[in-house]
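Labels for the chains are A, B, C and D, by order of writing; each one numbers its residues from 1.
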Amino acid sequence: MKIGILTSGGDCPGLNAVIRGIVLKGTTSYDLEFVGIRDGWRGVVEGDFFPLTRHEVKGLSKVGGTILGTSRTNPYEGERGGAENIAKTLYGHKIDGIIAIGGEGTLAAADRLAKDGIKVLGVPKTIDNDLRATDYSFGFDTAVNIATDAMDRLRTTGDSHQRCMVAEVMGRHVGWIALHAGMAAGAHAILIPEVPQSLEQVAERVTRAHDRGRAPLVVVSEGFTLEGMTEAYSDKGLDAFNRPRLGGIGDQLAPEIERITGIETRATILGHIQRGGSPSAFDRVLATRLGLHAADAVVEGDWGQMVAMRGTDIVRVPFAEALGELNTVPRYRYDEAAALFG
Amino acid sequence: MKIGILTSGGDCPGLNAVIRGIVLKGTTSYDLEFVGIRDGWRGVVEGDFFPLTRHEVKGLSKVGGTILGTSRTNPYEGERGGAENIAKTLYGHKIDGIIAIGGEGTLAAADRLAKDGIKVLGVPKTIDNDLRATDYSFGFDTAVNIATDAMDRLRTTGDSHQRCMVAEVMGRHVGWIALHAGMAAGAHAILIPEVPQSLEQVAERVTRAHDRGRAPLVVVSEGFTLEGMTEAYSDKGLDAFNRPRLGGIGDQLAPEIERITGIETRATILGHIQRGGSPSAFDRVLATRLGLHAADAVVEGDWGQMVAMRGTDIVRVPFAEALGELNTVPRYRYDEAAALFG
Amino acid sequence: MKIGILTSGGDCPGLNAVIRGIVLKGTTSYDLEFVGIRDGWRGVVEGDFFPLTRHEVKGLSKVGGTILGTSRTNPYEGERGGAENIAKTLYGHKIDGIIAIGGEGTLAAADRLAKDGIKVLGVPKTIDNDLRATDYSFGFDTAVNIATDAMDRLRTTGDSHQRCMVAEVMGRHVGWIALHAGMAAGAHAILIPEVPQSLEQVAERVTRAHDRGRAPLVVVSEGFTLEGMTEAYSDKGLDAFNRPRLGGIGDQLAPEIERITGIETRATILGHIQRGGSPSAFDRVLATRLGLHAADAVVEGDWGQMVAMRGTDIVRVPFAEALGELNTVPRYRYDEAAALFG
Amino acid sequence: MKIGILTSGGDCPGLNAVIRGIVLKGTTSYDLEFVGIRDGWRGVVEGDFFPLTRHEVKGLSKVGGTILGTSRTNPYEGERGGAENIAKTLYGHKIDGIIAIGGEGTLAAADRLAKDGIKVLGVPKTIDNDLRATDYSFGFDTAVNIATDAMDRLRTTGDSHQRCMVAEVMGRHVGWIALHAGMAAGAHAILIPEVPQSLEQVAERVTRAHDRGRAPLVVVSEGFTLEGMTEAYSDKGLDAFNRPRLGGIGDQLAPEIERITGIETRATILGHIQRGGSPSAFDRVLATRLGLHAADAVVEGDWGQMVAMRGTDIVRVPFAEALGELNTVPRYRYDEAAALFG
């Protein structure tokens, strides 16, 4: 059997470890042959493949990014897109099935293709940890470590200057990175999309920490919204806030916190450094295991499923379990953390 | 209520985060008062206590080691030991209960004390991950990260010299650190106590990796024993191997691998660096959550239990679940990893 | 003799190591007594002192920030400022002299105070490495390591998406951090204040790297200015660029590079993480040695000087040598690096 | 011109950065052609060459080890060794000159070959920093960082158990790594080959630190010898100490310190992790600059020299300056550090 592997969507530490796991297991334990698909679904649609042997995946468990490249192409769009065209392309290259490593969009496309008769297997990828059906996804632990390390650093500068430091971390729709990094670094406020708060509530937490002699540390998910923010800001005509590259929520919060509390406040947007570089050991192990199990699923003909982590096990679940609803931070997890900043 | 907290046995990254979690939750959400107990059970027996307030646990989530000190004292030994004496000592200091953070020995002692009427609550601590009843324990992730980082380094020196590198990691009775660090770093042989292997099997793996042009990387748990090793070594009168501080299994393996394979081989014993220093973010979060939940259990009067991690949850389990049998690496987990070195 | 120690200006990894070096040498080898001065010159002016013994500096070599606090107060300003008032305050507290650890402003103030009869000794501090008279200053090496590590991470994400990544690093007036981190991380363009370039030149470098199959990596000092930038931008009415907290030069460059080259481009502003956290070993050694030598200078009565690094030695130089002109990147150092991105 | 590049002796972080620097400068600024020589002088003697273009050195500044491989072959030994044979081999492959990156042995061989008419240029490489003629050599800073980080970790475990921790670091003949890492990590005793001490002196320092409430931290160079050690040990018939792989000086010291002081003592031999892995930013910059300047020297025909670091500059010096005598730690540098453990 010849299997194509693709990575799709934003990059994530551990993608290469998944690829290596699949190829090593598939070639050593079974008799599978692999091709790399370039740049996600684009490579499927355009038939952009290359041989992927044990040699290509050598030493990859520690390497960040993806050797396959990635894109945000939708396989149902474009002239050569759609299940029928893709089936032809795969047939022409004698490719029997696809392992698609990606986030919600990718898995939704994989699900649709599977229903349209293409042999597809999914590996969940989300640095934000926003997918249900898997306890954790690779990349998340690395991102939390990087954010925690950065916040440890911010704390010393905050302490020296008696400043409030605001760290904006990834998390467009869910607050897992902020929650975990905030707990790990001892933040005095954790602001996540699931729990809207008013500027006054944030300011109160900052003031309270400051009154205890601490340099307040605030962590905020990029997707957090202040309660009633839109109105408050439009009053001041700060339309600049809508320009995506010129400052995120962290940049907006800092001057407001300073204005209300009178405490000098600085923001840092951690940005892309959270998703690059060598994966943590946890992520390498998780990603490798997902890859190993994906190879098993191929051999067992278990198409139309995705592999996932449950407790200490790797299991298989239908695509549907990962789709539809996001894996948001439950309220009790937020409250648990909130007890720390009392 | 006044609660004493102790840490017992070998130190472990995350101990301070547990202590901080207990104290912050207990003082902020409830009305608990805390005392630190110095050097594990020794402090209980000798009545060596000191006040532990929010101030003492400030900034502790990132600090390695334990501010309480630790020892290997058995609370049932010595003149002032035993449940009756301890009850008197606690009563004299108006201490209502104890939270004991420790490994198997500590939890067994806690269990016995609980049965003898002392209010004790347990928090599992094992850097080797050898306790059942908890999916993972804090400290393990940090140790795996340190071992993986070290092995990443050893690999480059192995590659440059076309040498075989042997890394000895912690794991007296179980091979979890070797298994995870070996998977993460791409080892060509993983030697763990649960899966005895002969020198010839090890040498064959080394030779096979070398024949593929790789610099063989071998990871070995300190508790691994070569099949038939005792005999082989006694033939050569190498009794020095029994002296614990003069070289572990790694030092024994390296010359034997070199002798059989003809490939230059060097060993590194990672030793104590695996248990020191700042905890990983994963361990900080886990340890903090265990501490928060231990405070809850105190308030709910749920004595004679220990807190533990199950999937993404913190639960309470009877001491008995953690005792008796070790959490060994199951054979399927070893085989899973073995597929990687084919 | 009783000596006051202060830290002034922005914080910098290594400040605590200097303080520890002074106190350990001064109390162990000599018979000096020390007081900490809170928040830089503010503490001098307001007489805010506290005893500083061996106990207070325990374990400080690895701790980021400054235990003394810092501020940007000018000792010649305010009611209680000026040499005469300060002399009285010091006399009142029986303080014989001051060791001032700080950057250009601090050293200029120290120089003026010395000329006005106050016993002052300087220790140069600049994370940007912008002071003449010392080969390197502590903090710089740590900042370069952090920036390099971040750029290593950005590179993997750039490679996966075939994007151009822009990293903005510290360096208000000089480009040393960008130069060194750019060389270390293999940047394809290094933009520093000393070498103005046009947007077209930058875009050409980016395109050239992209044409060679690389994901272009651009490092830019915060103080870099595009040739003719002011005009170009005012044409578009982008006055938002002048708001200090809403995006630096990196945020301005990225969309322009993307516009001209057609290559997707993302910026990351590293910001305050470059100045926080534990110092590198190099910075700990340098800072400690500066502290040790400052204690020597006190005992030898060599006031009105500053300690500095020359080659592998610590020497004493007059304040004047560090003042007046900045330590800019010489053109041959830029050209040397530019050969790498050919 | 066609130039061969070789790396010889033990591996060292930064070797690849030197190679990259040479090749990028040589091909971009000049019109040089390069071949890689496999495994040091062995490749010269056996004519084992391969083309080395810009493509091969891509992304190498951060990669540990050496892509050229290394060995300890002496170019004057063996049937095909000696200047005359080598000249023929080079001529046969149209190689005009050699850049040899290595330590004292390599540079001595290069010097002899240069005197015998071969065009050779040297780049000094010593992780121990034992070469005169260069202020620092690449690899040293990385080793000091790794040793410092390990000692930071050992300290927390020592503190928790009130143990004395002994860290053995690299340094066969000189104590630079121990001196710098010991200063950086706040060691209570620094034991280096240049300053023999008796067991009693060591024990006294340990006891003194312990009496101040500290967990004593001792750093020892692998080449350190206790005063009168040979006799002391032969009395006890501990011939096992002579077996190189079974425990170094650290393993010998720990039980002796424990015996004399009564303080539980543990040793860790850092070993090969100090020379592997990604170089620090300092080492990447230094190594890259040495490579750039070596390419300049080739074009200027300045053979028979080596490039070296002096202050902030890269200079050229005759081989002789680096040979003959080692760069030992001067007594005043030891005394300077000793003031810290008072």
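We adopt the following convention: a residue touches a chain if its C-beta (ideal position, glycine included) is under 8 Å from a C-beta of that chain, and two chains touch if they have at least 3 such contacts.
Chains and their UniProt names: A, B, C, D = ATP-dependent 6-phosphofructokinase.
The structure displayed is predicted, hence computed values, not measured ones.
Q: With one step meaning two chains touch, work out the least steps from chain B to chain C.
A: The fewest touching-chain steps linking chain B to chain C number 2.
Q: Select the chain at the greatest separation from chain C, using centres from the mean of Cα atoms.
A: So the chain farthest away from chain C turns out to be B.
Q: Quick one: report the Å distance separating chain A from chain B, using the average Cα coordinate of each chain.
A: One centre to the other, that is 30 Å.
Q: What whole-number Å value describes the gap between the mean CA coordinates of chain A and chain D?
A: So the centre of chain A lies 41 Å away from the centre of chain D.
Q: In whole angstrom, what separates the CA-based centres of chain B and chain D?
A: 34
Q: What are the residues of chain D that contact at least two other chains?
A: Touching at least two other chains: 152, 155.
Q: If every chain is a node and every touching pair an edge, decide which shape results: line, ring, star, complete or other.
A: ring
Q: Hey, which residues of chain D end up touching chain B in the complex?
A: Within the complex, chain D contacts chain B at residues 7, 10-11, 13, 15, 63-66, 69-71, 146, 149-150, 152-162, 165, 240, 243, 245-247, 251, 254-255, 266-273, 275-277.
Q: Given the complex with chain B, which residues does chain A contribute to the contact?
A: Touch residues, chain A against chain B: 21, 24-25, 27-29, 58-59, 61-62, 135-136, 141, 144-145, 147-148, 152, 155, 180-181, 183-186, 214, 278, 280-282, 284-285, 288-289, 292, 310-312, 336, 339-340, 342.
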